[in-house]
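After this come two complexes, each holding chain A, first together with chain B and then together with chain C.
And then the complex of A and B:
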């Protein structure tokens, strides 16, 4: 990376290209898409997640307060057939789309995503929040409306959820500077996506961690001749 | 807020850090204890002795993140990254609004559900797994 933690669109595309190369090797499903009118492009991936939701059904009602009631009715028999309190498990398949775009104003990548049921009905923001990993919930809940917002996809023009990029530079800088100390050529996109993805259900396979470096070799292996006590100086 | 430079610390390879359960965190682990091979992993009551079940993890701070006085821990293989994050956050007394990331290879954040045993198999060397950690305000 030529300078600090900011980079231009070209560098963005370069890192995406490297990322996609590895994705293709392992069949992770990422693709590059270009917009028809301009040289802009973005990286995208679609994945399906199966969620087993346990619902305690009372006669005639559903205890679940999610916004996917229409889906429920399509899947399950009329609830008034249940005369006793019963626990049922409904399996839902949810389609997630993740798009990685470049933000000119912030000069960082931005993660756009949306989710829908198989019948095409979109998940509401409430459902998205439900899917946020426990690890992140507390922090995100401190300011949910600042961190995940709904915006128009800059290229597709459709509504997507967005992880706000204003702090990206802040959390990427120490990591990149630390890696530079060890002369590592880090793929910004790989590193960044590994950090923000899990918050919204996107997990990168571990093999990306190795592919992030130009010179894989044994650079991450400690020289076996070094005495144990010098571990402190790593 | 960074503490003294890491290279100035001369800690024995293994330190028995006791009482580091999820609900009880003692910040006073700098109390010198006789070097012991029975390093207690965070979040467990049982003493380590079985090298098969536990792996050695070396924690390195990144940026302005406070440096943990105890850096080397014996951790059960099945402990997840999330579990380790929770532990470090409590250990460093981070507030809820602060996010903590853990990295392998200094720049890749494994999924929170990833088990450290798996990470050790992939990225460990010389009997230990080096993990970097960094606190940040990642969101908002």
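And then the complex of A and C:
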């Protein structure tokens, strides 16, 4: 990690590739996507959460109320014995999307995220935070997590929430210094994502940290005493 | 389901339908296509979606459409199965409602049926995974109406279960399961596809073989009464297969019911959790194949999705929040301001700022810059008053105007400024009033017409001051500030005044008189007695807001016609171009600091001496005046007391105004300096002292 002073786009893509390699191994769904119009790409993951419809906050439900048109159809429901009638209407599925992009101006990775219902209607930031674990909520007010803005996704052109990258270098530098001191190999993306992700509902399995270890052939250092207890210790 | 297990022969098979999942990216792309490509074209369009068999328990089977759905060459996401569809996007809601859903479904069913009969579906099983999407995009409101359909051909009779569904690990040994995974992966790899929607299976205790559907005759050679088929199954329910099996069973019945009596079905479900692959929740069951080998007619079909109420009807999604640029601008502006609270100034009361109603008297260099800074603070209610038109010299210094605004005599400034604010940020409530403010020494008694005009102008100004919280005095002459200063003092409104010289400026808040019902008592409700009034180290320390002076308090002449007897360069203030931006910005920041003080306009004035002390608000000091000297790049924060002979805010003037109203004002407008000076006692003062020549903090510009 000698080049940590300068986290270039190539380095970013390299770490993403390593990250995705491990993701594919454990099947947690990270993938690399490119746009057909430009060479830039991004790493993304989608995950779903099931909520009781009543638990979804007012905005979600109120938007829902008016979604049925007053044109309840003349289309006679053909008697279909083959369709399962027990439905899942009592639950609401929420889709979370996390995109990791490279910021040329800040030369750091940036986390874009949004959440929506299955018909595409978005959740407000407040509603997203309702799904965040209590222990992370307090952090939202003072960590680097307080710099959330709303921006257009540079590749998709759609509005996302963004953890603004202006603080990333500040909190990543000590992490990287520390790992250098102990001669540990870390994947920048892994360390960074494990810090910023939980505040917006994105958790990384510990195995990512172990993977970073192993990839660098630190097999001799692999006794359990130095295994990280949590990713943030890295 | 106990019945199925206990009495399998009589139970029938049922299928869990797809839930349509339309990503916001899909709606974005549809919007783009509609605007740029389809326009009024209602012809059906090819689109595609995908489904997934690796969901965690509890999630409904979904057919997902996203932004890539319009790109027929885009590969489906890893391990997902593609589905091909047809988009019917109508131009009107009426056409959407009137669309013949029955016919659309029949057409799709026919295509599926034809692909089964011709054998095309054997070569390309994806043809069985058809879907329809009927849409109407209301792009004014960002409302999207849609109705999703995944057509399924119906078998002529119910499908009797010979063996009810069980989890795969109850039928297969771990070795068989492993062999199945390997065989499936190998075939995917050989075919270069992320998933196989349908496949054929042969197995015994030692091995599992998988084949593409098109090789059925070779593969099934030697099978006697039963065959095994596999389906990539998006459903998570332990007792039911998902929708894709339906059309495949029809194909099986059509192709194979003459040769085989029953079919064993593996609903392949393949998830990975924490790095461990698991297919054991796949289900396997056996059904009797219905006879339909020789029927030529397309079976009836079903598939229109129920709405959220469970009825047969379309759905609507309102995406204005994430697609309407105006809504996006508003939420982004709010979010940006909140950042300031979250991180830098946690105690900042943003609502006090955002909700304040600002009246800007003057829409010139100062007015434009004040308005822009107010917008930056998220202020939503901004009203301009000005009587001038935009001239060719204005746009370079007045950032709300452009060259085009100067043509044909120029647009009225107040109206153009309000329009421009709406353009900059549609969330703002901006208004403009093209009107004059009557001034002392500028007679209005030429005719009854001019007098009536003055009466209306005064009335309007009084209403405007009443209807706002903060009045900004940003005019180009001293005397035009007099009337609003008097009205605002009488109505106890916060006044922020900014005036420019060539390279000097003053930005100040007028002293805010005590509330009227308070009487003459010394106790200001929100302000404790300030003993420092008497004991302070300096005369100007700890002066509460109600004792502070106004713009006219330091003057010993009444305002009059200041443009008379002046050369053009004196009338039309020439100031260093950066000055208006500095002063305009300071005027707004002063207002914001005052609003953050718990006592608002009654706050004790901070002076230059307070710069080292604990600040009174989260944003810092709350000065009375900021006087800037651009030549030295220096600001000072003087404090001055209200003057009991002030021509604007002294009780003599306010009392007269409140008692006589317009009649009093007319006297002021029509007479020379001496009337106000006589009234306030300044004349007397002049006689007593040799009036020094007053340096008039001169004003903006224009004649």
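Everything that follows uses one rule, which is that the second predicted complex is superposed on the first by the 161 of 234 C-alpha atoms of A that agree within 3 Å, B and C clash if a C-alpha of one lies under 4 Å from a C-alpha of the other, contacts with A are read in each partner's own complex, and residues count from 1 in each chain.
By our rule, a contact is a pair of C-beta atoms (placed from the backbone, for glycine too) under 8 Å apart; a residue touches a chain by one contact, two chains touch by 3 or more.
This one's a predicted model, so the numbers in the text were calculated from it and none came from an experiment.
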| item | value |
| --- | --- |
| Touched partner set for A:8, first chain B, second chain C, both or neither | neither |
| Partner chain in contact with A:179 - chain B first, chain C second, else both or neither | first |
| Which of chain B and chain C A:118 touches, first, second, both or neither | second |
| Touched partner set for A:147, first chain B, second chain C, both or neither | both |
| Contacts of A:31 with chain B and chain C, given as first, second, both or neither | second |
| Set of chain A residues, in rising order, touched by both chain B and chain C | 142, 146-147 |
| Chain B contact footprint on chain A (complex, rising order) | 133-136, 138-140, 142-143, 146-147, 163-164, 166-167, 170-171, 173-179, 182, 184, 186, 190-191, 194-196, 198-199, 203-204, 206, 208-210, 212-213, 220-222, 224, 228-229, 231-234 |
| Residue ranges of chain A in contact with chain C within the complex | 24-28, 31, 36, 48, 50, 63-64, 66-69, 71-73, 75-78, 80-85, 87-89, 91, 93, 95, 114, 116, 118-122, 124-125, 141-142, 146-151, 156-159, 205, 207 |
| Complex contact set, residues of chain C against chain A | 12-17, 19-28, 54-56, 58-60, 62, 67, 71, 74, 77-78, 97, 101-102, 144-145, 152, 154-155, 158-159, 237, 240, 246, 271-275, 277, 300, 302, 304, 306-319, 321-322, 328, 331-332, 335-336, 339, 342-343, 346 |
| Contact set on chain B toward chain A in their complex | 6-7, 9-11, 13, 58, 60, 62-65, 71-72, 82, 85, 96-99, 101, 103-114, 118-119, 122-123, 125-126, 128, 130, 132, 134, 136-140 |
